[in-house]
Amino acid sequence: MSKNVLKIENATMQFGGVVAVDNLNLEINEGEIVALIGPNGAGKTTAFNVVTGVYQPTNGAVWFNGEKIIENHPQGKMKKLYKGQHDGEYTGVIAPTPDKVTKLGMARTFQNIRLWKSQTVFDNVLIAKHCRATSNVFSATFRLNRKEEKEQREHVAELLNTVGLYDVKDELATSLPYGKQRRLEIARALAAEPSLLLLDEPAAGMNPQETDELTAFIGQIRDEFKLTIFLIEHHMNLVMDISDRIYVLDFGKLIAEGTPAEIQNNKRVIDAYLGVADDA
Amino acid sequence: MKKLMAAVLALVMALSLAACGGKSDSQDAQSGDSGNKVVKIGVFEPQTGDNGAGGKQEILGMQYANYVQPTVEIGGETYDVKLEIVDNRTTPENGKSAAAELVNRKVSMVLGSYGSGVSMAGGEVFQEAGLPALGTSCTNPQVTAGCDVYFRLAFLDPFQGTVLANYAYKELGVTTAYVLGMLGSDYDQGLVYYFTEAFEGLGGTVVAEDFPEGSANFVSYINNAKAANAGVIFAPVSINYAQLIVEAAAAQGFEGALLGSDTWDSNKVIESATGKDVTSFVTTFYQEGGNPEFDAGIKEWINANPDAKTNNGGNDMVAAVTAIGYDAYFTALEALKIAGSTDPKAVLEALPSVSFEGVTGLIEFDEIGDAKRDAAYIKTANTEAGVWDFVKVQTVG
Amino acid sequence: MQQILPYIINGISVGGQYALIAIGYTLVYGILRLINFAHGDVFMVAGLVMVYATTALPFYVALPLVLAATVLLGFTIERVAYKPLRTAPRMSVMISAIGVSYLIQNLAFYITGGVPQPVTRPIPWISENVIILGASTKRVTLVTPILTILLVVVLVYLINHTKIGMAMRAAAKDFETAQLMGIKINAVISMTFVIGSFLAAVGSMLYFTNYPSVAITSGGMPGLKAFVAAVFGGIGSIPGAVVGAFIIGLCEELIKGAGYTTFSDAFTFAILIVVLCVKPTGLFGEKVTDKV
Amino acid sequence: MTMTKKKTIFTAAVLAVLLAACVVVDMLLPSYHIAVVVIKKATVYSLVAVSMNLLNGFTGLFSLGQAGFMLLGAYAYAVLTIPVDKRPGVYQYFDGGALKFSLPEIFTGFMGDTVGSTVGMLLALLVGGVLAALMAYLIGLPVLRLKSDYLAIATLGFAEILRAFFQWNALGPITNGSNLLKSYPTFSHATPYVILAGLMIAIIVLLINSTYGRAFKAIRDDEVAAEAMGINLAKHKRMAFIISSFFAGIGGGMMAMYMGTIAAAPFKSTLTYEILLIVVIGGIGSITGSVIASFLYIFSSEWLLRGLDSGTFLGINAPGIFKNGFRMAVFSVIIMVIVLFFRKGIMGDKELPDLLDKKARKRKKEAAGK
């Protein structure tokens, strides 16, 4: 099949004595839309944070485009506290900060929208271009980078056109309606020119109509920007509609993976969501 | 909201401008209440900050002199003398704008300041404006040496430092001295330097330390002095720190003597020492009783004048700086008389030829602009009566 | 030993004074996450009130008056300058704190005429000299640490065994949840300021008995150093603040004794920076993580 | 596009008028006139306030180390420019000091008096800025990892340490210990100050509107999002810190120039607080605001409101109320009112050109309201 974009390998994230993600293994191939689902508190966002460099995993590794970008093993106090598996298999430490991960070609959105509040729609997207700028602070200050700046602005305008926010480009980001803010956050992530886009509950708080629009939108950008998409979502309609494959987390552990159809009929998944009576 | 605020700000600006305009108009009028012409003498003194207390006492001398002699004959005409007092807040950074303010008020001459650093900062402005200034109790040589328009009544740091070193070594028979100055104060550090030089020159040993600005806890410093077996602690510091050092020395049972410079000659320091087991000596320009007529007059004036009494620290003890302020005023009048004009340039030319007997001694200037002084009064704190007792007149050598 | 003893006695005493101020910082920071820049100035005002009150009134009236006035000041500052900014960004509150500090200093300047005020009638008994182990010192030097420990024990008891103490602990743990659980957060915060100011007033009386001159800037350095002590001990922790204060006080006096007097203040800040960089949680502080 | 053009013309016109006014003041009044003195001081404060705003207002780093960096700049300027023949007098306790050259004198040798000494003075300012920037780099390594209030207190502490070092007698041959540095050359007129500070502020404005400036603002608005969008937090914070300190250093050098004599004592935390409050009055995040507030503050405190301290104000003679310290008391009350009730300050986060643009004004108002 097509090439492997993201691989999470034996990743365990432990906070003190609490294991938030337990030995997670997951792969995403080029062009796929993969969803990560699970009940609240299952460790989905933690997994995202591990992949994007916000958290350093306690043990395990993350590969991106065939390259190992994150690796860690229990150290210091964690040596004693560690409850996960594969202890001692990893020896290296690779801990890039989130910005480095983004520069490698991974961009994300947030569960609770995190736009830059005092900036306009246009500037929100333009700032995301900063990580692709080649000018140094001196040339930027004295406007020796006019060409690059012009190209960036053109690209942002184009991007805003594509996502349908061009007409509100001079509005403040926070003055937009909720659905458009979500869309803007995606546009901002796209501006960082990722090959893998991570969406953390993009449909949270949306009504069914907005969700449908978003579903179409995600498909549209995947095709247009030739993206691979990894998303966390609770809206099952959306997940089932657009996902190629689905991973299910519960209490930090992977309990199922497969196509939407397979997942829909998986007993463990149903139990996880609906709960099982203890004495059953 | 924003507009309202802008309007308010604008209003404040406009009003204050108007206030300033109004004020300067009345000041420019060249005739006073009595119908006489007015000559303005600037007073450049700290009223606030570390030297605020000393500055206020110095101003008292000038105000009293102004009360005694409110007019002056210049070129055959009688002028009323008006004192223009600005607060230089002890610090050089405020000194500059205070000095500019005086220039702005079109004074013929400036008196002050207490403290050398601020005088040097002001000196830059006076020099630029060609305005003569008469330093009162600023004792750093650089005040007059680096500035053509600055003259001075006080003795200099090298003189004072040497006098105290001599006194400590020869009269008190001390061979080890502990020297303490405030970090960042050029007055303190200057005296520390000259004292150390002289004391070591005599064959003594000096342990020098400094304390950061704003210190209140001098206990460990006193302990350091004790550990060094110092016979004296020389601390040429401002009044506030002098009080705290006296207090700490008493509490820690320091058995040697405390040596202070002219700043110590204050009723506040005496207050702190009263009733405590400490010995202290200070050098100063004037000893109460040196001129009974002046003493009696100013005491009466201070007692009749509640504000003056507050500024003097709540009693009628005459500080040396008050005497020097008094002399400064009369020196200015002499210079104005000789100049025969209120023009600062004429006054500047007249100053070197001033010669008269003030309450602190004969006042004449050398070629640098410093008063010719070869003696300092040494006083000691009488901790029972709460007064300064005269010890001797000390000269160098 | 004989040589070093006076420094140790003095250092412990200084530590006690810092401790009484540091508790004010640590309590407020624990709940509001605010460095109360005005706390040092509250301490200074207590000194000023003492100077004025003791000259005019007998001690048994003057000293309670100092306590009452300081507590009132602390309470008022919180109500006027911090409460309206409860939902504002942290920087605004901190600026407000700096503004209050500036205001208090300038008002004190206006009232005192900018001239340091000597304590002319020091509190009797504790201001007298005593000789211990051959070293002379004021009695307050010995009283300070004892009184400090006593007050801290009472305070810790209050916090662990009373309702308001429990509310304070809850608010320090999680401000919003405590509010949701029906804790009257404003009352708790006011109480924090009242306790902090009360202890600062006690500290102030001891401090200015020892060093009897109150300048408008007198609160600045002790305030900053007490804050450093609070950070050193782990901000938010009362025992931490006390231990930190004693350590800072001792170190400071020993540094002076060792002859590095030029850097006696600078040293405290060096400790601060080192602690912040190496162990920002201090000796007893708890780790706080930000949620993404 | 026309709007942009209009704004540019408007801004240029306002600036030209201000500069012309300054030149006229210089021609009409002697350099020691209080008006000239306050213009100089206000200009220096503007630059320092703007540099602080760059850090606190635009990058959201709450640093209180400004006084320390100014100290470095001021000393660098003074030490490098004191004429050689004046050095024995200035360094009276340190055998004339360790340095035996003066930058302006070196340049007068081959560039003529006026040009040479100006070049020397500017170079000394630049050295001050670079030293401050270097120091900022070193300090920044450990300190910038700290969060808001810890950062504030650490930078404050650093400034205090620096001050103790400069007053240390062992460094006396260079810093003159506790004693004043003086006799160095200064610009006597206000115009050079205005032009110099204006240029520096212009550079800061250009920076803020560049891609890096936008990144700074992103960090201020939301650090986590900024990092997720590929902005290297450590690098950009360090950059903002260094640049701000560079300009604070230059501002310090100009402060030395304005004061005529320099000592370490004035560079206390009080100075930092004063500048911070100016920034707040002007509006955190507005360059124009900082400049306006500096001028308002300095003009009124040094000149217009002096009457509040000396007995008579607005023709009311009340020595009992209008005595020493009243002016500053009134000021601090005004500041508290601004801090509590007009949190946006004079300008909010608007700039001079925004005054023309109603839409921008409305938009920013909304933002501030959020």
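Here the chain labels run A, B, C and D in written order, and each chain numbers its own residues starting at 1.
Basically, contacts are C-beta pairs under 8 Å (C-beta built on N, C-alpha and C of every residue); 3 or more make two chains touch, one makes a residue touch a chain.
Computed from a prediction, not measured in an experiment: that's the story for all the values here.
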Other chains in touch with both chain A and chain C: D
Chain separated most widely from chain B, comparing mean CA positions: A
Rounded Å distance, chain A centre to chain D centre (Cα mean): 43
Whole-Å gap between the CA centroids of chain B and chain C: 36
Separation of mean Cα positions, chain B and chain A [Å, integer]: 72
Geometric centre distance via CA averages, chain D-chain C, whole Å: 32
Residue list for chain B, restricted to those that touch at least two other chains: 47-48, 183, 210, 212
Of all residues in chain D, the ones touching two or more other chains: 163-164, 167, 169, 224, 324-325
Chain C residues counted as touching two or more neighbouring chains: 109, 113-114, 220, 262, 265-266, 292
Residues of chain C touching chain D in the complex: 33-35, 80-81, 84-85, 88, 90-92, 94-96, 98-103, 105-107, 109-111, 113-114, 220, 224, 227-228, 231, 262-263, 265-266, 268-270, 272-273, 276-277, 280, 292
Residues on chain D engaged by chain A in the complex (per definition of touch): 203, 206-207, 210-212, 214-215, 217-218, 220-222, 224-234, 239, 243, 285, 349, 359, 363, 366-367, 370
Residues of chain C touching chain B in the complex: 3, 6-7, 10, 14, 109, 113-116, 118, 120, 129, 131, 135-138, 141, 207, 210-213, 215, 217-218, 220-222, 253, 256-257, 259, 261-262, 264-266
Interface residues, chain B side, partner chain D - complex: 1-2, 5-6, 9, 12-13, 15-20, 22-23, 47-48, 85-87, 91-93, 96-97, 100-101, 103-104, 117, 120-121, 124-125, 128-129, 141-142, 145-146, 181-186, 188-190, 193, 210, 212-213
Touch list for chain A against partner chain D, complex: 52, 54, 97-100, 102-103, 107-108, 110, 114-120, 123, 126-133, 135, 137, 140-143, 145, 149, 152, 170-172, 174-175, 188-189, 192
